[in-house]
Amino acid sequence: MNRVLSNKKTILIFVLPAFVFFSLIIILPILYSGYLSTIEWNGYSEKIFVGLENFKNLFADFPKGFTLGVKNSFLLAILSVFVQIPLSLILALVISKGIKGEGFFRTVYFIPVIISTTVIGQLWLKIYQPKYGVLNYLLAQLGLENLQNSWLASAETALACTFFVIVWQYVGYHMLLLYSSIKSIPKSLLEAAKVDGATNTQIARHITIPLIAPMIKVCVTFALIGSLKTFDLIYVLTKGGPIHSTEVPTTIMYRVLLTENNYGLGSAMAIFIIIECLIFTILIQKGFKAESYTY
Amino acid sequence: MGGFNKKTSKIVTLLLCFVLMLGVVGCGQSKDDNNPSSPSTSNDATNNDTSNGTSEEEKVTLEVWHLWTTESDGNAVSFNKALDEYRADHPNVTVNIDATENEAYKTKIKTAISANEAPDVFFTWGAGFAQPFVDADKVAKITDYLPDDALANLNMASANNFTYDDGLYGLPFISWVGILYCNQEMFDDVGAKVPDTYDELMTAIEAFNAKGIVPITVGAKDAWNAMFFQNVATIRTAGTDLSTEALKKNESYDQQVFVDGAQMVLDMVEAGAFDPSALGFTYDEAKIALLNGECPMIYQGSWLASEIQNPELSLVSNKVVAKNFPGLTGGEYNKQFLGGAIDGLMVSNTSKNKEVAAEFVAYITERMAKESFLQGAGIPAWTIDSTGETVDPLVQQIVDLASESEGYVVAWDTFLSGADVSTHLDLVQELFAQTITAEEFAKKMQEVNE
Amino acid sequence: MNLREKIKNLKILQYIILIIVAFVQIYPLFWLLTFSLKSNLEIFGKNPLALPKSFMISNYANILVNGNLLTYLFNSVFVTAITIAFSTIISAMAAYAIARMCWKIKEHVLTYFLLGLMIPMQATLLPLFLMMKRTGAYNTPWALILPYTGFALPMAIFIFVGFFRSIPKEMEEAAFIDGASIYQIFRVIMLPLIKPAIATVSIFTFLSCWNELMFAITFISKEQFKTLTVGIMGMVGMYATNWGELGAGLVVAALPTVIIYVFMSSQVEKSFTTGAIKG
């Protein structure tokens, strides 16, 4: 069997289609971006080779706040890993243990993920709307007028407000991944533990969570990478404003590339984001030494 | 192995079906492409003849891109009218239209031009937006491809935003002007006078604030709305000539008159002219506050007039009067306007039918000038004959105001290009957030010029 | 007695929390529905979350009559279906080779594919545009299918590799002894085993294709090939937008998503209960 499984021709047949496709559609454009990041070009003019100048400019007292964007994306990453994933895990654990309406809850919790970002964004814009938005309305009803705020319109609160929506929207996403992983644990294992008199919390701590550790790792990786290149919701909610307070690397990159036509600098940002994601992924792989359990 | 085959997953079968479909439908689609009777191509294309001849008799196909996607846009109506006439007049020319929404259009046209894949004719803004296209030789100098008399009716003064170093590169159809729309009824209710001067404006602001009404609605989240105020205030303090020279980087912004312009905005913010959370409102939200009769004033382009007068969209039709932005007592620039002819069409240098394309541009823009005017979208950039046509009273007020104009500056975000635009818009938003002083504003604007 | 009551109370509390969360999650759909039945004046009016005063069915009538909505819908379905089929097949194949075959550089190849997860889509717009133009794919459905498939691969391979690795070796060994070829094993044994993964991957691929806007706008200029998102964005005017009609368009776009999701989700459930993976 091992001979069949190491047959060079077979391996090639299996891997080559995806490999060629991926290389052409994803890697080639990025290599081109890598090349663009070393030149100065507005899309129309002569291309001037500037070496690593664009990368230096990313952080050298840059007026567009790339440093701030990177900081914000780190903050989002921390929130995602330490708030979003634990929440998703709790939800997944609760609904996967066979409560009534399991299918209903699982389906409904995922709904924010399947609705397009435009709709989610519009909804939250209306919730945060300072004049007649629901949030301020509820606060007024509860007699908490002093907590009323202009939310997305104020540089102090806008970041927290946008991040809240992002974290909320993807709770269902991670929940589904974790849920399907929990569901693939053989029932006999959990039943045996129950017979032994283990409580739900004990089962979760000592059996379920260790067994789904690989999926938790997946979720953490996705959440991290997702945070570092988050774009859609921020673009719909604030476009990085007010006054750059909600800027993240991709919103700056989008503007520099497609509004200001600074292809060199924009491509340098893209390369920076890729490298940043790469480093974090490697760190997770190294730091999260989850043994692969077999059952 | 028979057992295995029976168990073959339905999903595999499904996937195989898709693959088959992929082949079959793929071919079907490409056939459709060349089939003139295909139903979905009515608006679009019969690409069966793309021979590159330029003589009138030969068949020619023109690709045209624009951004008038909705019928509620007055320019969309006038473009389609002009296009119908053109098609009737030019049976040998097939025109393929592609309309894309505003924000997406900007990305799309820039991407296409930098890839040398621009359509024959495309909508663009003049001045700074198209500057890089002209600099890189991507657009055709339109006068090279037109007969001498083609532009006889063009109002050359409005074409200045399409004039670059050595000539005319595109044709405008309409000029917009910045207008302070005032809800007369609401002014009467609080006993204030519709302002002609800055002092009267401040008095009115006070009167409305006393009644708990936000005086001026502005969607400062879309920064260009906020920018209008700084731009027009600077016209009052510095005038259009100096503004233009500074935008051209021939003059410094770091002068008292520019500081004064910024200070006017700050004064208005401080006086409570705007909602304290104005930075959270989009253009649409701000506009609705006027149309619903919640706010008495908005400073916007002339394009808003048709919407104000449309009873389906507005509760204040025929209650609104048009004013130029209030003048300063003793100011010498009180009759100048923010605005200009910035919307237009250009011909790509990669077009194989430049003569046909140029004639198309002239034909369409001249007709659009009249139709868009009648739709209330602005002031025509061509000399038109509108005798016998009924013009909306609000539009007529705007025309009358504009006819006395002593000068224009186009909105700064269209004059500037590239990163300068975002820098400028950022600074204006900071004025609205009061995180910057007028002096700092002028200094930081000057950094753009250095 | 006491303990039992406590547990019962806890259960009720748990349900209350679950239901509140469910309400919060489902509210956007409901809100979208009310939004699509309002006029501009109401949408931006005093209470944006109120029910519509007069149900503006005309919003739906207008978009269905005036626009090419059905064409857009067909295009979206077409592009999405082919993307899902195509990317699922080739990624499952690659994942199988990576997870279960023996070759030296397989870990490196996996890393190479996973690189794709880190790439921001916006950065590839210009290069891909050039590529689509040069290859003639521009302005055909392929201009979307190819990039969507490319961007779907890393995630799909990632999920598939994880699933393949969790399948015990004995499953294949038995088949080998029966004399099955590796292709038969892949098709007949492995694919059914990873059904849950296929469902998961399909859902994710579906979502990213169905809602994608930037590529769809830039790579397609022909009316007959435009997708739903582009069509809906076309309702946003430069200076004037009918937001109610836009909302109606969004409902039409969201409907298939919800239906397909509910359907797929029961598929996932089914493969769990029939025990595709029992180990």
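Note that the chains are named A, B and C in the order they appear, and that numbering of residues resets to 1 at the start of each chain.
Everything that follows uses one rule, which is that contacts are C-beta pairs under 8 Å (C-beta built on N, C-alpha and C of every residue); 3 or more make two chains touch, one makes a residue touch a chain.
None of these values were measured; they are calculated from a predicted model.
Asker: Based on the averaged CA atom positions, which chain is farthest from chain C?
Answerer: For chain C, the chain whose C-alpha mean is farthest off is B.
Asker: Would you mind telling me which chain pair, B-C or A-C, is linked by more contacting C-beta pairs?
Answerer: Output for the comparison: A-C.
Asker: What's the distance between the Cα centroids of chain B and chain C, rounded to whole Å?
Answerer: About 35 Å separates the centre of chain B from that of chain C.
Asker: Need the CA-centroid distance for the pair chain A / chain C, whole Å please.
Answerer: Each chain reduced to its C-alpha mean, chain A and chain C end up 16 Å apart.
Asker: Please set out, as single numbers or ranges, the residues of chain C touching at least two other chains.
Answerer: If we look for residues of chain C contacting two or more partner chains, we find 45, 125-126.
Asker: Check each residue of chain A and list the ones that touch at least two other chains.
Answerer: As it turns out, chain A has residues touching two or more other chains at 43, 129, 258, 263.
Asker: Quick check: what residues of chain B touch more than one other chain, meaning two or more?
Answerer: Within chain B, residues 107, 111, 114, 285 contact more than one other chain.
Asker: Please output the residues of chain C touching chain A within their complex, sorted ascending.
Answerer: Touch list, chain C to chain A: 14-15, 18, 21-22, 24-29, 31-32, 35, 45-49, 90-91, 93-94, 96-98, 100-103, 109, 112-120, 122-128, 131, 146-147, 149-151, 153-154, 157-159, 162, 165-166, 168, 172-173, 176, 182, 186, 196, 200, 203, 207, 210-211, 229, 250, 253-254, 257-258, 261-262, 265-266, 268-269, 272, 277-279.
Asker: Would you tell me which residues of chain A are touching chain B in their complex?
Answerer: 42-45, 63-64, 128-131, 150-155, 238-239, 241-244, 255-256, 258-263
Asker: Which of the residues in chain B end up touching chain A in this complex?
Answerer: Of all residues in chain B, those touching chain A are 106-107, 110-111, 113-114, 132-133, 135-136, 138, 221, 223, 275-281, 285, 418-419, 421-423, 426, 429-430, 433, 435.
Asker: Within their complex, state which residues of chain A touch chain C.
Answerer: 1-2, 4-8, 10-11, 13-15, 17-19, 21-22, 24-30, 32-33, 43, 91, 94-95, 99, 101, 103-120, 122-123, 126-127, 129, 132-134, 137, 168, 172, 176-177, 180, 183-184, 186, 214-215, 218, 222, 225, 228-229, 231, 250, 253-254, 257-258, 263, 266-267, 270, 273-274, 277-278, 281, 292, 294-295
Asker: Any idea which chain C residues touch chain B in the complex?
Answerer: Its residues touching chain B are 40-41, 43-45, 66, 68, 71, 78, 81-82, 84-86, 88-89, 125-126, 129-130, 133, 138, 140-142, 178, 180, 184, 187-189, 191-192, 195, 198, 213-214, 217-218, 221-224, 230, 233-243.
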